[in-house]
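Each in structure tokens, the structures are laid out below.
In the two assemblies presented below, subunit A is common to both, partnered first by subunit B and then by subunit C.
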Partner chain A sequence: MKNTIEKITSIPGVRGAAVITKDGLLIDKVFYDNESSEVVGAMVAQISREMENSLGKATDEIPILATIYSSNGEIVFLSQSDFIIAVLCEKKTNIGVITIKIKDIAVELKEQLKK
Partner chain B sequence: MNSLEDDLSNSFDGNIGSERESVLVFVSLAEEFFKNGSFEEAINYCRMALQQIADLKEAKLLLYKCFVKLGLDKDADNMKIELISENPDDKEVQALFNDVEESIDEEKQIKNENEASTPDIINEPKHELVKSVDEAEEKIRSEDNTQSTDISNMPKHELVEAVDKAEEEIKSGTQEVSDTGMLSADQTENLLDNALSEINKIKGVLGSIIIEESGIIIKEKTVEGLDAEVASALFSTIFYVSEDSIEKLNLGQIDRVFIEIGKVRVYLFKGNGYIIGIFTEEIVKIGLIHVKAKQLLLNIKKVLGV
Partner chain C sequence: MKQLILIPDIINKLEEAVNDYMITTRVRAVIIINTAGQLIFKTGIKKSDNFMQSFSALSAGIFNATVSIAKLIGDDYFENILQEGKRINLYYSAVNNEIIIITAYNQNAIIGVINVMNKKLKKNILDLMTEDDIKIKKQVSFDNEYKDEVENLLDNMFK
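Right after this comes the complex of A and B.
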């Protein structure tokens, strides 16, 4: 699973990526500091829950992808039916590449979690 | 691979017509302020329009009228020269100058007549005012006017009090005039309605909503079937939850949020204590949406009069 996550963290500007349950529990992560992963995980799980309550449940076919742009960085996350992938990036990171990669690794992770 | 924003910015650059339309919204706002007597606000909006399109005739014409109204003759002259040099054969420009010059002459004439008939009691020192009242009394007595009894029977200290009161009333009256420079509720609603309509006109936009950061809906023009209350609560929560975590991560301030659910996209922008949510289809000119939303957020406080 770590190898799969590293496909994203190898992109320049990415500070870390994590796979978490819908409840916010960490499944696996590649982060440069522990604190960030916990904060990102908790935040992403809460926002994802609120979105699903309002907009409908995220499924593998129709996941929820969100990007939070701030003045010093960006957080991208993809919420599927069983897990959420969250990526913390620096400001100038190519979000287009992250968006494509995050969808790719979601498919891979789904297969891995089935095994 | 270019980033998504670069691609979209490029597509925005290619759409000059849409850009002009979006900038004309500022001129419309400026006209509303102008009609309302808020010339400085109108100037701000014209300048914003000119920042986007430097030679926008409509904005310059309005700017000229504002300068004239404010008595900024030098600025008005400069603008006139600029307009004539840019539009030498434009009849609209010429007609405007003629109209403005005629109205200036009329205003001057009315002002002169008023000055001749009405003394400037606000600026006149009190002792001179009393003196002039004495003179008026004398004149009335000498003319044996029946109306003179009211003033002539009044003791001088009461007369001074009456003058004080009149001065206060005039001053408060002046204040009321400047307060009316604020937009009425209907005007505010129209402006917000127009702003959201402009955003909704962008190809691919399904609806838009303006909410206060606590989640209260200010104005919405969303798609049928979408519960605006639920959406506004969600948008407010997203920013509320994110801001706390973003602060802990030292990421600065949240600029915007993008959400993709199936074929629907939601763009959220926050600024000045308000959130704008824009619902779109898959393919949309994000550059244009970004510009419009930012412009609206920049001016929303002025429009709402807070």
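Right after this comes the complex of A and C.
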């Protein structure tokens, strides 16, 4: 799993990535420290829950993909039926590339979790 | 050693911290007990005193049992314990080896958020705790005039 999420860190400006449960608990992460990954995980899970409540439940076919913009950086996350992938990146990062990569990683992780 | 002394000012601050925690996490109830099984604080639960006494004693028992397991694996105590039920889940969190926060929540709450916000609540509670040697009440002192008056009274008694 680590090898899979590590692929996204090759994109310039990516400071870390994490796979979390829909309850906001950390499954695996790369780079950023444990405390901030817990906070990011909890925040992303809460936003994802709110989005699911208003837009409908995220499925593997139709996941929820969102970007949180802040003054210092951006958080891109993709919510599927069983897990959420969150990527923490700097302002200069190419969000388009991350969006493509995050979808590929989600497919790979889904297969890994099925095994 | 630090202790949580429940004077009105501290209770108000504790209530404020717990309410913030409840709003952010959307949990149903928060109960604070000590490891002896005594209830210190509760909010969001409207059960009888008997129920609360039983709940506190049994919860403290559960925590104390896990302390023994923690010691077996070389730790002082487990910081967080989770019990999942069909409707209500309980999240035990130790502030120190004497005070435990019990959070009751349902499907509306997110365990990851509870985990993160609980750390903040624990910090707030630790900040409210005071050292043992700090005297809360001022010592009663008698001035010289009062002493003289009492001495005169006593002297008069034996005249």
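FYI, the second predicted complex is superposed on the first by the 115 of 115 C-alpha atoms of A that agree within 3 Å, B and C clash if a C-alpha of one lies under 4 Å from a C-alpha of the other, contacts with A are read in each partner's own complex, and residues count from 1 in each chain.
Please note the rule applied: a contact is a pair of C-beta atoms (placed from the backbone, for glycine too) under 8 Å apart; a residue touches a chain by one contact, two chains touch by 3 or more.
Treat the numbers as computed from the prediction; the structure is a model and nothing was measured.
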- Message: Quick check on the superposed pair: does A:Q112 touch subunit B, subunit C, both, or neither? Answer first, second, both or neither.
- Response: neither
- Task: For A:L25, select first, second, both or neither according to whether it touches subunit B, subunit C, the two together, or no partner.
- Result: second
- Using the touch definition from the top, say if A:V97 reaches subunit B (first), subunit C (second), both or neither. first
- Item | Dominant contact partner of subunit A by residue count, subunit C or subunit B | B
- Message: Output check: A:G73 vs subunit B and subunit C. Expected answer is one of first, second, both, neither. What do you get?
- Response: first
- Looking at the overlay, does A:A42 come into contact with subunit B only (first), subunit C only (second), both, or neither? both
- Based on the superposed arrangement, let me know which partner A:I64 touches: subunit B (first), subunit C (second), both, or neither? first
- Doubly contacted residues of subunit A, that is, touched by subunit B and again by subunit C: 39, 42-43, 46
- Which bits of subunit A are touching subunit B when the two form their complex? 35-36, 39-40, 42-43, 46-47, 50-51, 53-56, 58, 62, 64-73, 75, 88, 94-97, 99
- Touching residues (chain side subunit A, partner subunit C) in the complex: 20-21, 23-26, 38-39, 41-43, 45-46, 49
- Note on the structure: Note: in the complex, subunit B contacts subunit A through residues 1-5, 7, 230-231, 233-234, 237-238, 241-242, 244-246, 248-262
- Message: Please output the residues of subunit C touching subunit A within their complex, sorted ascending.
- Response: 110-113, 115-117
